[in-house]
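You will see chain A twice below: alongside chain B first, and alongside chain C after that.
The block that comes next holds the complex of A and B.
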């Protein structure tokens, strides 16, 4: 990488090359794993892309997976941008999903307002669930990384408990996959983009949200302030910014987007709440935010790429004997190789240190 | 002479900067050789090369007529070179003894023979007339003693050549005299001392020979007999005219703009930091605050700008009670602040010049309308400030971490003085900036007072305080221990007050 830095002067090109090298290395190691399994990696990767983009059905399914990838990426990025680590998007997603499901089946509405109310309440629930770690961190200096991670478990188990004991129609099954709420009313289901496939209006919501956040980050006073807080909260506070209040707000908004993601998953795809339905969607958000360096437009691109890999991996697994876990390894290695050089993680950690040093040294209240 | 240190054409280049440009210099053994120069002149680079922290790109160092090449600080220590750093390299929670032997512990099999070290250290400190309490923790002893610990540390490591990097920056005038006595004792005992400073008076007081660096080159060298402050200053900055700052004359009584009434602040450990402090500053007045760092200055500043929690008392800005106002509310009323820590508090190093300049103005017209940034206005705003404050930048999009200390400080001041202020707090506004920038900054502060602002100037630099202030108060232990109007107090008198009036009684048994 150092050699590349010396040769290539153009910053943008340099960035592009870095991404390319990181991805290439990931793909090579993925290929080795596929060979070890006795498959031709070229065939496997071909199947992956064909399965992700090769047909209308494939594309629809890719967009279905792109939606939560963009949203959880945005949710995490808001926190990262300001130096707050919300690793609890997964938990906020569960809470939002459960509330949306309850509203979806239990509250009688005749029309589309039903879906909108369910989305808003799900989103609000996610925000409220993020308020808890936000207060713990901003006010009582209890490490937000630890408490958001722990609250994820609370969310999994709490939603499972509520579903099993209060929502399930016949509470006999003990298998987690079968712990489900009743199905939501038709009025709460989201319109599909390419019927009959799962891609739904949630994709549009994700794109619009990314555009709005991009505008907020780069064009408004608040965006400027958030950006400065992320780099040096002491300076922002010196300039008259109420750093802790903005930090709390950012945390809550992050949680709201997490809750919204869950609500969209339920209303758009699953149509009922199921215990443990989210397979690490919230944690994918961390990787996506890192890869996109918290830029909302970058998150759209990375999110789409994520959708391709996620959907394509399933196709690859169907068509060859290669396991889809190989693709998860490629994804993780991509992030790892990229962060080795660009110091993204180092920058983020510096932001946290700045909070601990700057924001928490004095006594001003939220 | 044996023991001489000879630098032969030392060159060291950093990205974009030629820090040392073929420096050749002979330092005679058993003398005090001062090296003076502005910040960025190359003093620190040269010394870091001598003590093994940096390697020169080209050039040689000879000690005792032998070529030396240091790969690490440890090599330099072995060659008898020790450095007393400006920022003390001490662990606050360890005892003096443990700090002294750290890294060079006597003993074997992982066991430390502390008693052996103690005997050796006691012998050393008697020999050099140093007195340090070996069993106190570093955090408990005053700064001047910490410095003695640093000196003892290099002696313990067997140093023959001792480098002092800006040693008086943290000391009162009395403590400085004590340091000079210690340095003379070192010379008596056949050590060689290299004294880095930009305080010309002190250099003339202690040095035998003086070398002046400018822009990475030796711009002059002379024995102390031929040196005058004027001459040294000329060689340092390369020009002859200096503006002597003159505090504004205030003829009539004016309205007080900043009033502090019975302020009391205790810190988290329940220690009283500000004790029943009252003063006021009227429009156009510059009030200087002298005092050794840690006597309540930072708590006072925090209380005034709205950062700290106060126990009791009131703060009035232009006769309006702002005791409970937020930082933003106070800034909107015209309070401005040039903080001591310009890189961590006063600026956002990784952000662009324009981003640094608009902080505090970013939410209101003309820079923003309805929360939306107006980039044309921002561009004009920062261009205007860069021009008005003569900030040297390649582009306003570059991060300020690439600016020199003086230009960074100008960026801070440009932002704070972009609009007329009601009250200006300036904390060590020229520390570590070169003479030309310092002069400019002083003129800006005087101008601001001239426009009718009330200025609170907190500084460790007594010359700065004396030349700018209408009135000076001395803080000691959170109280005003002395007050005087311009011209009525000498540096020595202030120094005595800074030490708590009774010289020598600073709470440590000798």
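The block that comes next holds the complex of A and C.
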């Protein structure tokens, strides 16, 4: 019993060390890249954190970037729970964003109901966009990774097509030649958290959603069932769970959160749909969900970290000669180092514990 | 309508087929090793960048070609080590590699050349266009076959070699066995791990030079994230063809041609986006049909 406890404790420690080493290596390589550019990495990293947390404006902007990070993380995490790779969050986000923008400018409403309707329809559209890969996977067992990836590109092109040919006539863009929809009505704009900065009520929505999902995953029988589906679908099916139906619903909810993310981006920040406006927010979600091991509360933490990095990188680029894209490399390397399976280390550790307790036989330690 | 089959569209289609075809052939090898590789994009991007570096340094497109291939192999080995030896998830590694390749090439661009975003420099030498001596005299056909960039002909040679290797050599047989029944390799006393690595290396090389074809077949420039989804179109071709080089060639030509048509349409302000969608939609439809057939076979 004592050994079991010790191993569990050691494994937590091991996880912690693993994250620390992965992040540390990423930061070191980032530092080297900054040095090569002839800049002091300590100054650059200091500017990053100062730019992300150092003032009211900085914090507001960090929360603005934290919002989509948390939401896309949650969207992906729901899929991961049941063993589904929804790589289409990016596409669902685009569809949700476009629908929200259309409702935002074309449908006349006088009050705040406008924003709520736009958000709901945006997330519904995202959910519908996930319906096809969901059915193809749950019913016909056609690889959902491929279909969701392909549908991302269809979404990029479809939204660009619709915006260019049906919405663009009356719109004004700050950037010349950019393909944009008209600006949404004031009634559809989301309230700001710390005016005049971009952080908006979407952040609260993201936090509430994370808490709700956390409750669902860890405190309800549905969450337990989802987990079982993820680990062993046949077992769940044998136990009387309608795997296909629950899986489809979870997939669609994942898409709805993707759509909601897009709708929040438009109604809260951009106020008009622009073709190719989100670069890789959806893919960030995959990495965030993975780093947080699909735990919604963990996603809040990682999402906040992501927000710091994203916003801080911009500040770093303003204040120093370092390129903001260094941070993208650091993020990617962090995940790459983390993917390295520490099975070997685990074995060593288990053996060591067994050794100190004088237990040798395999399996006894765990 | 006539512009769909015009000479200009055809030539553009051929040029646009080259990177997709090379990358898809590369992806086929990873697919044979049962590695779902969505990092083709990053291999290509790295290749595109180092092709420019090589051509710039050596004033020769051949050095660029070589460096692109090596860069592709290098990043493919990173992929290989993580997914083969460390059993990391291919999709996660793929996403992270795509992100880092984008970042790395942009940073290296700034470091080596002191520019951001894109690089145009007369010292980057592309492959020349090639007039085929006798063939160009043939009416109609001569005009289509001759006058392409040298890279097009290199691609044809590579495609033919891959085809021959796949079907006529012991190595090709083993790679195919890897895809269909890996255990048979083990039974024959061969190392699965070794062949998976070989497949990954070939994948890296072909995707690397696919990247070179973006920068060195006349354009002579590099721009940030210039592979822009081509790796995913190549992946679509890989998934449609499932290890059959002939199908890879057909799918790539179709996708390249669709892109050529869409560029023409764009010139006329027509909805080119709808044409650009076809590779992705076709992939979804064909995967569906393919799976239905398989089920029907099992059922009957």
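In this section, the second predicted complex is superposed on the first by the 321 of 366 C-alpha atoms of A that agree within 3 Å, B and C clash if a C-alpha of one lies under 4 Å from a C-alpha of the other, contacts with A are read in each partner's own complex, and residues count from 1 in each chain.
Just so we're on the same page, a contact is a pair of C-beta atoms (placed from the backbone, for glycine too) under 8 Å apart; a residue touches a chain by one contact, two chains touch by 3 or more.
Here the structure is a predicted model, which means the values were calculated and not measured.
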Which of chain B and chain C A:31 touches, first, second, both or neither: neither
Chain touching more of chain A, residue-wise (chain B, chain C): C
First, second, both or neither for A:219, with chain B first and chain C second: first
Touched partner set for A:287, first chain B, second chain C, both or neither: second
First (chain B), second (chain C), both or neither touched by A:234: first
Partner chain in contact with A:242 - chain B first, chain C second, else both or neither: first
Contact residues of chain A, present in both the chain B and the chain C interface: none
Chain C partner contacts - residues on chain A that touch it in the complex: 33, 36-37, 85, 87, 132, 136, 140-143, 145-147, 149-151, 153-154, 157-158, 160-161, 164-165, 280, 283, 286-287, 290, 323, 325-326, 328-329, 331-333, 335-336, 339-341, 343
Chain A partner contacts - residues on chain B that touch it in the complex: 302, 305, 307-309, 326-328, 330-332, 337, 339, 344-351, 355, 358-360, 362-363, 368, 371-373
Complex contact set, residues of chain A against chain B: 219-225, 227-228, 231-232, 234-242, 358, 362-364
Contacting residues of chain C [partner chain A, same complex]: 36, 38, 78, 82, 86-89, 91-93, 95-100, 102-104, 106-107, 110-111, 116, 229, 232, 235-236, 239, 271, 273-274, 276-277, 280-281, 283-284, 287-288, 291-292, 295
